[in-house]
Amino acid sequence: MSEQDASGKRRWTMIVDLDKCSGCGACVVACHAENNVPIAAEDQVVADRSQHWMRIERYWEGEYPDVKARFVPVLCQHCGEAPCEPVCPVYATYHDERGGLNAMIYARCVGTRYCANNCPYRVRFFNYFDPVFAEPLNNQLNPDVTVRSAGVMEKCTFCVQRIRRAEHTAKVEGRTLADGEVLPACVQACPTGALMFGDRYDAASAVAKLLEHNGRAVRLLETLGTDPSIYYLKGGTSHVD
Amino acid sequence: MSIETERNPWMSAPPESEDEQEQVEHLRKDHLLLDPVGMEAMNQDALGSMTRHGRWTWMLIVVLGGLAMMAGVGWLVQLFVGLGFTGLNRTIFWGMYIINLVYFIGIGHAGTFISAAFRVMGFETRRPIARAAETVTLFALAAAGLFPIIHLGRPWKVYWMIPIPNQRQLWPNFQSALEWDAMAIMTYVVGSVLFIYIGLLPDLAMARERTGVNWRRRLYSALSLGWRGTDRQWALHESVSTIFAYVIIPVMFSVHTIVSWDFAMTIQPGWHSTIFGPFFIVGALYSGVAAVLVAMGFLRRFLKLGYFIREEHFDVMAKFLLIMSFAWIYFYFGEFLVTWYGNLPPEMTILDLLLYGEAAPLWWLMIFCNVVVPVGLLWMRRVRRNPGILFVIAVFIQVGMYLERYLIVGVMLGRPELPFNYSWYYPGLEIPIAIGAFSFVIFFYFIFTVFVPIISTWEVGEGQFLHGLRKIGRKITKFKSDMH
Amino acid sequence: MAEYELLGLFQDVDSAGDAVEALRQVGVSDRSLRVLSAFPLSSKILGRKHYNHKLGLAAGAGALLGFAAAIFFAVITPQLYPIVVGGRPLLNGPPMLILVFELTMLGTLLGGFLGFLWQGGFPSAGGLYDKRIAEGYLGVAVQVDEALLEKVQAAYSAHKPVDLKKAEVKPRPDRRLLIGTIAIVALLAVNFALLAVSFDILHLEFLPDQMKAQISFASQMGPRLGAPAGAVPVPGVALVGGRPATAPLAMTEDSLQRGAILFDIHCAVCHTVDEDEPVTQVASFFPDDGEPPAMTSARVMARTPEQIFTFITDGIGKMPSLAENLYPANRWDVVNDVRSLTPAE
Amino acid sequence: MSRPTRVWITVIGLVVLLVFIGPFIFGVLASVPNYEQPIVEFSHKRHVQNAGIDCLYCHSGATRSPVSGIPSVEKCMGCHEHVLSGEAPIVKLQEYWENGEPISWTRVYQLPRYVHYPHHVHVSAGLNCETCHGNVGEMDIVTPAQIPNMGWCIRCHQGEENAVELMDCLNCHY
Amino acid sequence: MKISRRDFIKVSIAGAASTVLVGCQPNQRYVELEPYVVPPEEAVAGQATWYATTCGMTPAGNGIIVRVMNGRAVKIEGNPEHPLNRGKLDALGQAGLQLLYHPDRLHGPVVQETPGRREFKPLHWNEAVNILAENVKRAGAGLAIWAGLTTSGHLVDLFKRFAKATDAPAPVFYDLYAALHSYDALASACGGALPTYDIRRADLVFAFGDFLGSGPNPVYYGVQFGAFRGQALGKRGYLAQFEPRMSITGAVADRWVPVKPGHEALAAGAMARIIAEEGFGGAERAARAGELAPEVDVAAVAEACDLEAEALVKLARAFAEAANPVAIPGGAPAGADNGVEATKAVQILNAIAGVGPLAPGVIPPGITPTTPSTFAEAQALIEKMQNGEVQTLLVYGANPVYELPEAAGFRQALNKVETVVSFSPIIDETAAWAHMVLPERTYLEGWGYRVVTANTGRTIISSRQPVVVPFYQDEATGPAYSTGDVLLTIARGIPDAIAALPWTDEVAYLKQMVGALPAGAYGGSDPDTRWARYLQHGGWWPAEDAEPAASIMELAPVKVKAAASQGEANEYPLYLHVYTPVMLGDGRGASLPWLQGSPDPMTTMTWRSWVEINPQTAHNMGIKDGDILKVTSPYGSIEAPAYVYPAIRPDTVAIPAGQGHLDSGRYAKNRGANVIDLLGATTDATGENLAWSNVRVKVERTGETINLPIFEDKKGAQEHLHF
């Protein structure tokens, strides 16, 4: 039983353990499968228009032979004070008080792309063309998620359709949502368990416990004051070196 | 036929001799307001200018119309297929459409500034060129107003940005800079259009009386609202013009500040700076005045308005341009120094990109156009009084200012906080649409000069009525009477 | 008495000034005297009283209106449908100031212009006019009744006008109201069109697809694909080899309550609880031998829970299968409810 | 006004009407609904009032799934194999059943696909079917009680005491 | 009739008013309703049904559950109850749905006159099966079967029984996975079973292959790696990776050791020798090292492997002193010509620390694991085909034309085979050369089971059941046959095969098999319940999940030397490192847009193959990103764009496998180059396995340049991300 804070609000939070992330890309493909994210053809990739709601940024450090690669999975940080929200002229993106999510309402989006410019993480993707799902690939599309048309902004939603389904089932069965009952597709698929997901306001949740004075927890571009909901656990070092 | 133009040779140096007659002659030739040829001749010349388009200019008009149509077709394709034809990508979401918006609104500001601010400050040189400048504003704003629609992903939903009641009970978000843009540009458009119209009334009345062509007569009598020039109407006209002049100057300042706040409100490195407001206004006036110089050069050369638009006007405008270039350099250096000295990593990445990186050629070209050319040449009196050279300098400044905005929007956006997503901007469909926009402005400018007298003869007449010559000691100088 | 309008054309300011002075001597009131010129002459030049107009008032009214609109948009609309953005409170000061400034300025401009039109009598049908006024001549127009006519004409001719015109004054219709109403009607028409679209009364269907229809397959959308034959889903199948795959649920209070509700919805259509109750409407259509048994009848009481579960799942005889209506767990609830019924003595 | 100008005015008036008002009228006509069902004689009223069947018997999804569900042909045949099996509409039904062809009922409440409406949550929140669908028991041919647009949903959602939670766009749009 | 102005206005107002009163709303039907005639029992409209089955994209045999909405499979996730991948899944597994709904899938059997022209005519299923039956009957002993490692266990058994019944040569189970993952080399070095290790509580791991990305069991080791890094009380394992090119395992390793290609065995042997000489890790381990370590001169080895001697000493010391160290063999060293010795050298390290691979589980009767054949057996079959002894060749679940090197001569041998029949659902390179194609149902539509290749101490049988109705049931081609049913129907026509394959259809075979299984984790008294629970939970595995026992292998000291490289050093200066990329696997992923379009983790490349080259080497040769390079080996040459890769040895270039398809659907066709063309058919020292690593190549610029379809910005990725 998860007792949220007094007002019943939740703060969905994800923890990315950079020490465990092996960069295998299972989360990237799982996200495409769950959220009908279109795949860019080669010419669009060259034009730098690939759309991946979850991407793995690989940074190089050092020169050969002691060169080091760092994987940093980056997705929408669902910021508490999101810079992308106030700039939208039609409230197509706003802060969902109930779950602490940064909502992107496709039907309301006019396509000014101002939100994407103001996102320091560049995790918002614009549909420059209508997505192409060659017949019969459209059978695979998840009916719970709107297939976005051209001219609309899209981004990671923490698989809000899975959250909603779990919440609805829990409400119909008269119980509150258990910790870990709802996982986004990437967290569910991650082989090494680098991704964890839960409600930070619920003290009993695994996420909350892990974050309690965890020295390794740090947030991406925290100095910008966006209050992101994603905590990265910095990679550890071993006794041997 | 225009008033013969050899009355003001290009290089009029003041006469050495003491002879009074020569001095008067020189002063007359140099200053329009001291060289009255009577309202009748002036009306004749001003109305004549409407029909002086030669074969070349008509061909140019047709070409420009074609280019504008081409851009319209390009936009329709983009509307139905998607924004994929542009050069935008997952890092750079704003491109030449927003650059065009800022550029054309920038040009729009000079017109209003010259007619409103000069009127408030009482600069007499505004009299012949006020309407020419305001027309630049009018059509620059028209073009600028199109771009917020063209750059939208789903333009047919733009009515959601208008605060009208709807069944969804949803209202636009008035904390967004784009919403302020909408409000500010609407106010500015309304202000500019009405300001031109008020100034145009007496001239339309004059044209109504003089024109012989049937459809022109019906057009002007409808447009001039039955203006008879009674003292009561003139008094109202004076006070409404004054109200507009005083109100439209702060509105002008607010519009370009808000347009610059579209960028300053973000936390994008290179954009998030407090001086963007004044910096953009100075940039606007800078490119705007250059645009007005271009217009003046065109009117004088092609519509043979040599009598009205003389060297003294070019001289004043060029000085104003010189001052604006100093102001612009001052602001740009300020921003550059603050960024460089602060040495914040994301900001420094952008600085390196501009100075030595991929964008270096564009940046140095901009510096050449905006700094070297104007400051290098405009201090010379001979340059300031020569419309040909000023035309060239003005075009350089246009290129420079367009590049400055291109660097701010297209290039700086390519360097976000997370280095993995750096990108470069290769414009695609935006180029034909930008060319189309330029031709749209110039096309409608020509059409405007065909339908409406571009010189405000009543203002020039009033000016000449108020000015005269006075002999102080051995020198004959001009003076303005305080009968106003 | 007929009113007459006279217009005298003078070469320059001085002669016009003298004419005006002369006319005033003759007794023409300043209000009915007009001086027409090609460019604005301040009243001091002609020594006349300053014409105070109420334009400032109109601009001020416009400003107030603009201010009110700005307050409505900036303060009231966010509260009508409260949407929180950027972790900031619902109402934030700075953006409001910008909005207030813009709309107040707009109001001032519009107010000023409409005031100018209204007080200038535009579009006035105009009185006497002469082409040469635009060429720098000054026109002195007077509107007098018949009595003063001769004196006025004499005063005019004393100052050698270039030309003198006289015309009877005809009552001209005031077109301002007509033009005003037309403008308002046009504005309302545009608003009505916008409102019709935003209240979903009219649908602009010819625009590109707006995600209303999707290429993914919604529930119960054709072409339908059945379930794979012989496959067992993760929650398991109801019957394995004819027998229930899951064990009966315990007869808890919850189960019985759920069972009762479900019985009323799904079973009470045909079955009654006691034998003596009248047959339900649907059951009356069944031939006498195939009539649905009452729940407390011997036939039903003799059945084992597994059998009842199988009947619900597969149906028996004329009873259709209710698998589509009930999850297996709910079927056990109904079984518990049926078993808990005792025959009425 | 002379005759030719009057003719001119009417012609111009018609052109203006076509150009401006035409799309609106076209838009309106395109959205005039028709709710005619494949089996025209099917009447909710007779099933609910005469036979006393509960809504959930046929639309059993309403309490456990976002979609209330349109009953299968087997569900109809469950009773109509015996009940009134002689009548014309029932014969039509049996034809569907024999050649295994589904009855593609005309959808009455059609929400755009970017709206996800959960029946089971509303039913478990205490609303009954009549609240939104009107008194279907009285209708022979079901017609919508209101236009199913956002304004209608908002009217209830903003009235609730947990309105802050219910007025959240992410409830329906994702 | 003349409209007066007044009437005209009246008409328009009336018109507008009437339309408003009608009250209109959308009559467009975005959803054409089509309720069921007879609804399936489990289906509730609007709710999903989940089915458990096995992933068919890789031979690992991960258990998956598939979400089915409105009769269509929309999402694949790991089966939480499956003991191998415990609810987790890799990118290849997630993308299986696109194979099911691939736009280029065959709707029914097709036949082709002249192989290679790719002109196919559709055929009715019954007709196709009859033709196949005749050919098989006529072929008699001349029947050959070539299958891949993802073949379901029941088909392996049916193929073997069929071959034995018609005394045809034993079926060959060989594809690119078998080659590049060196199953046989590893198995033969570790006592016959594919070595799998439990590293959850290990505190130090030496990895000689990319076990997290392109190894045989990336998901199993992924789950293990998660536990390895996040052990109790903050304990964290140390990983060192020995590889000439940094893979994703190298990227997350604490230490990447760029060993010279072919010298990994030497390095492992040297470390053992150092432990012996220096006496690290206590007397017992030093003593054992003394016995087993090969006699090598450490300084000479260090210099040969291009490593600093004291680095080797430090690593050896760490290994020896670790409480629970593990050395995982595999990767390039196992594919060298001394592959088996190299694996043994690594095993010696384990033996020193007293650690061994997990014992393989006991295979219950009636269950057939898919054990890969050796390359020698494959060559033998090709030999037979070349000599014309094979009349009918059946190719199932493999693509030898694409997967085998040219030198193996498979494609030439095909000309000698009378009828080639392929069972590929999509026309791939082998099907393009086939006479007839009977498209097999994808793994999401078919029956079967897979015995999991990883030996995790207990036998895991992962069940496979259809999650959706087979997608192509076109009336024109009639009801589709699965390959198992095809075999069983053909068998009925061949007298001596009837006894070997008595079942009516494959489901009967499976039911009988599952019925015979002992009570597993989910029990079940009667066969029907056991069959239902076997399908419901996704397979059968013993109940207890006790600590898996590690088998200590007795090893003899082994002589280690540098692997011989193929091609002279002066003519071919650079080493070629071949690997199966994370996204495309063995090339099966190339036909799926999700995998082609998702960026490769290390290079972020998409839609193409590429040549990774060291920045210094590139600079010396004047190569920059996007230059098309011509890579020539002693056996062939390909062209691919250069990608300057900071983490690769200067003397090595790396090219991923998987691209360069000529067929396999619109997403794979004519994209990139097939690196297998650079490999020869030379076998290793034992003559059993293909020696695919240590081929030497030379690289030249062709002068052409393209824009690399990469997701990253190369300069940006070099910058430090300030957290």
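The first chain written gets the first letter, and so on, giving A, B, C, D and E; residue counts start at 1 in each chain.
Definition applied: contacts are C-beta pairs under 8 Å (C-beta built on N, C-alpha and C of every residue); 3 or more make two chains touch, one makes a residue touch a chain.
As the structure is a prediction and not an experimental result, all values here were calculated from the model.
Chemist: Count of steps on the shortest touching-chain route from chain A to chain E?
Modeler: Counted as steps through touching chains, the separation is 1.
Chemist: Quickly list, by label, the chains bordering both chain B and chain D.
Modeler: Touching chain B and chain D alike, sorted by label: A, C, E.
Chemist: Specify the chain most distant from chain D by Cα centroid.
Modeler: Centre of mass proxy via C-alpha means gives B as farthest from chain D.
Chemist: Taking each chain's centre as the average of its Cα atoms, which is closest to the average over all protein Cα atoms shown?
Modeler: Central by C-alpha mean position: chain A.
Chemist: Name the chain whose C-alpha centroid is farthest from the C-alpha centroid of chain C.
Modeler: E
Chemist: Taking contacts as defined above, which has more of them, A-C or B-E?
Modeler: A-C
Chemist: Could you state the distance in Å from the CA-based centre of chain B to that of chain C?
Modeler: 37
Chemist: For chain C versus chain E, what separation do you get between their C-alpha means, in angstrom?
Modeler: 59
Chemist: Where the centres are mean C-alpha positions, what is the separation of chain C from chain D, in Å?
Modeler: Those two chain centres are 24 Å apart.
Chemist: Counting only residues that touch at least 2 other chains, which ones in chain A make the list?
Modeler: Within chain A, residues 50, 57-59, 72, 83, 86, 88, 91, 94, 97, 106-108, 130, 138-139, 141-146, 150, 152, 220 contact more than one other chain.
Chemist: Check each residue of chain C and list the ones that touch at least two other chains.
Modeler: 81, 83, 85-86, 88, 196, 199-205, 208, 210-214, 216-220, 222, 224, 324, 327
Chemist: Which chain E residues sit where two or more other chains touch them?
Modeler: Where chain E meets two or more other chains at a single residue, that happens at 20, 24-26, 28, 30-36, 39, 44-46, 69-70, 72, 712, 717-719, 721.
Chemist: Name the shape of the chain contact graph, picking from line, ring, star, complete and other.
Modeler: If you draw each chain as a dot and join those that touch, every dot ends up joined to every other.
Chemist: State the interface residues of chain A toward chain B in the complex, per the touch definition above.
Modeler: For this pair, the touching residues of chain A are 44, 47-51, 57-59, 72, 74, 83, 86-91, 108-114, 116-118, 120-122, 125-130, 150-153, 220-221, 224.
Chemist: For a test of understanding, state which residues of chain C touch chain E in their complex under the given definition.
Modeler: 196, 200-203, 205, 212-214, 217-238, 240-241, 245, 313, 323-324, 327
Chemist: Of all residues in chain D, which touch chain A in the complex?
Modeler: So the residues of chain D in touch with chain A come to 63-64, 66, 112-116, 118, 120-121, 124-125, 164-165, 168-171, 173-174.
Chemist: What part of chain C is in contact with chain A in the complex they form?
Modeler: 83-88, 208-211, 214-219
Chemist: Can you tell me which positions in chain E touch chain C when the two form their complex?
Modeler: Per the touch definition, chain E meets chain C at residues 20, 24-26, 28, 30-36, 39-46, 49-52, 65, 68-72, 445, 465-469, 507, 526, 528-529, 532-533, 535-536.
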